[in-house]
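Letters A, B, C and D name the chains as they come in the text, with residue numbers starting at 1 for each one.
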């Protein structure tokens, strides 16, 4: 079990490569096996960290600073667990989603029944890549790269992990080769490339200053010089670009909305969290001593603007997937409110810092499940109705009750209404804001919830509206897809009913260890 | 890509703002750089102390393929992903052959015949030298990839000969081979990405060979895959 | 001024110039080139650091390895971006990024 | 098995599980859905009875704490006050379910309706059982969310507009409540409901904060309790189907608000602290104003359900008013009105639904002579209306009596004026309906033969039965007020608990 941390990277890679190598229909089977195994291994890793505390592994047997170490603390385990669960849900959904898709794209049945058409192989020597076939290997690699990111403890290795994540994401966005997706993918790639370069320059400066790359050693070094501050700024900007914090979010809506539904779900629910994770890890472990309150407040202010602008944009959108994508812009804003709250405002020893930190991460967790469910729900509607225009959804609630129920539950979680995981996150962040006397964040957190209610209610009320037009019969949607939409939404709800254990997990190896004893009430 | 419909670059305001931003960035970076120590040793000593255990003599190679092999392994995955992403752009799984419109002509033909063997020899040499001097898999892969491209561009058959399985296999070889070795050792009780000291040199050579081949093919695949002229199939999948 | 600082400042300047290029140039190819050059700026800085860190004539191999890895990563991303750009150009005839709303 | 721990949870699950299963059913699966509904509500009723027996006769406590956050627990606790709301909603859920089954037969989206309906009951029970502020908040917000689909159930533009208003008000109120609770908890740590309150120790250092927090809490709760000026959603929400108006807007939602006010005043702040902060007079004034305002508006409405809605606005504030007076008798009056108002108002809404269904009567001017053809329905309506006016020996009289005594005890004679004025206006807007219904000339309908107009043609029993049942209960609640298990006795226990405590 102590080696789950290695396997959680290896298994999706092995399965991804196998799926790539065999191609065709078996890719799906291999991908599904990979998803199941990775999910189990993620669970094992969480369990291991839960039971034995922080897990550290020296790759190749070379000690730091010579080698690279992997490290799983509560935060890593928390996010790997989330990725595992959301990833499994998305995978099960994708099985049927791409099955449909591939069926539609497979050329007419060959007169020769023995020709292995469904393997995507050959008529007249031209084999065809079906989106479903390419999906599995790329998705497995994306999953693996997330785990790489969450486990790596070396700032240069993290750069490689980030690039892996970006390239896998872009390749998945363009899966269907549509023009909109290609533009979106290209813009995403360029933005992420720029972010990587800024990050890499930061890495170079840090290495020049400290002479090590290991996060743990850097944290111990307590760097404070100008070079560290500049490096921190560069890395932060680079990661903010990848995490799409306003105003660096320009690439996100198109990229997240033009991808196939399972990909959109993974991008919004998981990939954005990768950059966010890295940022808070660096911020609170390495740049803690170099950071300043004003910078933290500024990042929080950007988050606040993101909440307002993103929500208003979401309300304005005519297409459901774009609305959900803008909602991600807004929700990312929430995540970054955590930085000033958990930052060094006021008393650096105060208990509210830990509350804000856990609150922000719980919000990330709830958003992971809720947003995945929303995008998958949009995917179901899109496949069934052939469009996702919000103003033409009238009456569809009675035809897709479970989809809209899930959408509503997920929306509740995004709004931070109890009982949902979003509520737990919001509660903790609000508490922290009130406790530290940062009332401006209280206002934005509360207003943000109401704005979220705005766009969720638009969709639901449209759907519930009495159907006046005649509609063509919707294209049937496989049940498994609906079930997964619901399962993910339900998870975002259930995690709000009992948050004690996940929150305790976050305490393991947290950067606020000294504060642990102080959280009394 | 010709600029068919030239759009002027950003207007004066953006330019001025951008220059100010650039200057500010330079100023900030310069401050940071000026504050750096002019004398330091970084990890040089640490590496040199242990290089004897790495199986190679050239320090960067030791770092790349042993001490920080994890980076290198993942970097091969990045290359694989890029090539793969480019392949996703095409509907057909095989890469097209260069349209045999032009005949190479006697000079080009002679040059290609001379250069290809030379390139291959150079590639192998670079790979070999990598263990104790600058060089290694990527340089070698680059040269061999260039040779393949040269073949292709001068009208010979090259990567288009590969069947879909061969193509995929070649792209995968470096990453998968590296992974297979590491995984096998890992299962048999070694630390992940640790080589048995006696075998370290051999393993590194094998891994480098595989990576060389993958790099060469990936470069050519990336070059060929996005050919606009066979994209007639256009977007698929309806309104998404 | 030491050799180290000269190179490092050149790297800083190059990085800043590339940022300017990315912001002001609309042509995708130029943007990609600027990004690639940006990578070169970082690699230059890393090489400079490696030189600075030398002990007994041996340069610091870790930045060297980082550069080698970084080059491959940058090449991969560049090549992929070029492939996308070619496809985009073939589909639309545009050489700069367009959205429905016309922003670039 | 530790029943004290499990019973409160089973109480929740007895409506939660049917709700979840119902969502999986198809509209056509009538029998399965109906048996789930009735089974769930029967179980709940029995459990409520068991717990009432346990608490009142054997002095047991039922309490379940479940870990929630770091050291914040979810607490479900059964004690006399919670028993009141539990009993009310269990009984009325059972009756309303029967009514709703009859009412919604053959209408579309029944699955959705009954699913959310059961969820609403779950939320209400959760509110009743909540043993601390955070648990209360969770169920309170849950109630806001799950009632929305019921308000917009018909999917017409008017319903959607009402739904928007509803969401705006309830979510806005939720935000205030959330802020108040968080602020209070930051000062005091986790706050649980204890008679007499637990936060006295903050008085010296945090007087202003406590006052502001009180305002936030009451404003948040006041939205659901429809205290003017936060009442506007309630008449709008009358667009919902009759069972929803009946159970949710006469009972669940507004009671959640009123109950919350009782909890905050008695069990969070406590008598002492509330008095010292001088926060109760404003609350009493708001409540008093609401009583008058609601009655005046009711007089001006001719749509039956809207008139009833404004009547609700007015009547629910009796609870807030009694609470704000703080005397023993006023407390009894306030808490007993929690139950009495619910029973009486649901009767009226049932009847309104029956008139709408059977005769398509929505406007009170069309009710002329309806008593002749529907004597039973009209009788039920009359009982409800008389109760509302406060005619002895009906339930409403008991509440008003205690409130009146309470106002004398608390030296607030102006309250008597309000009570009298309100009763006069109650009479003014109910009596004409009753009079017209019984003695008015039936409407001229050309195609109806003279003889037929006087023929008795009641609605089906599934609609009529519930109306009669609740009318009967409201009569019994008044007649048997002295019985040891009557709402009044319960209210006296509740008041004693809160008065004796230091």
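Operating definition for what follows: contacts are C-beta pairs under 8 Å (C-beta built on N, C-alpha and C of every residue); 3 or more make two chains touch, one makes a residue touch a chain.
As the structure is a computational prediction, the values presented were derived from the model and not from experiment.
Here the chain-to-chain distance from chain B to chain D, counted in touching steps, is 2.
Of the two chain pairs shown, B-C and A-C, the one joined by more C-beta contacts is B-C.
Averaged C-alpha coordinates put the centre of chain B at 16 Å from the centre of chain C. Put simply, the C-alpha centre of chain A and that of chain C have 27 angstrom between them. The mean-CA centres of chain A and chain D are about 43 angstrom from one another, to the nearest whole unit. Between chain C and chain D, the centres computed from C-alpha atoms are 67 Å apart. The residues of chain C that reach two or more other chains are 8, 15, 28, 49, 52-53, 62-63, 66, 69, 73, 76-77, 80, 84-85, 87, 91, listed in rising order. The set of chain A residues touching two or more other chains comprises 156, 160, 163, 167, 170-171, 174, 177, 179, 182, 201, 205, 207-208, 211. If you sketch which chains touch which, the pattern fits none of the simple shapes: not an open path, not a single ring, not a star, and not all-to-all. Every residue of chain A that touches chain C in the complex is listed here, in rising order: 156, 159-160, 163, 166-167, 170-171, 174, 177, 179, 182-183, 185-187, 189-190, 193-194, 196-197, 200-201, 203-205, 207-208, 211, 213, 250, 254. Within the complex, the chain C residues that touch chain B are 2, 4-5, 8-9, 11-13, 15-17, 19-20, 23-29, 49-50, 52-55, 58-66, 68-69, 71-73, 75-77, 79-80, 82-87, 89-91, 93-96. Those residues of chain A that touch chain D in the shared complex are 395, 397-398, 401-402, 405, 408, 412, 415, 417-419, 423-424, 427-428, 430-431, 434-435, 442, 446, 449-450, 453, 457, 460-461, 464-467, 497-501, 503-504, 519-521.
Considering their complex, residues 8, 15, 22, 28, 31-32, 35, 38-39, 41-42, 45-46, 49, 52-53, 62-63, 66, 69-70, 73, 76-77, 80-81, 84-85, 87-88, 91-92, 97-99, 103 of chain C touch chain A.
Put simply, chain B touches chain C in their complex at residues 1-5, 7-10, 14-15, 18-19, 21-23, 25-26, 29-30, 33-34, 36, 38-45, 47-48, 59-60, 62-64, 68, 71-72, 75-76, 78-79, 81-83, 85-86, 89, 136, 138, 215, 218-219, 222-223, 225-229, 231, 234-235.
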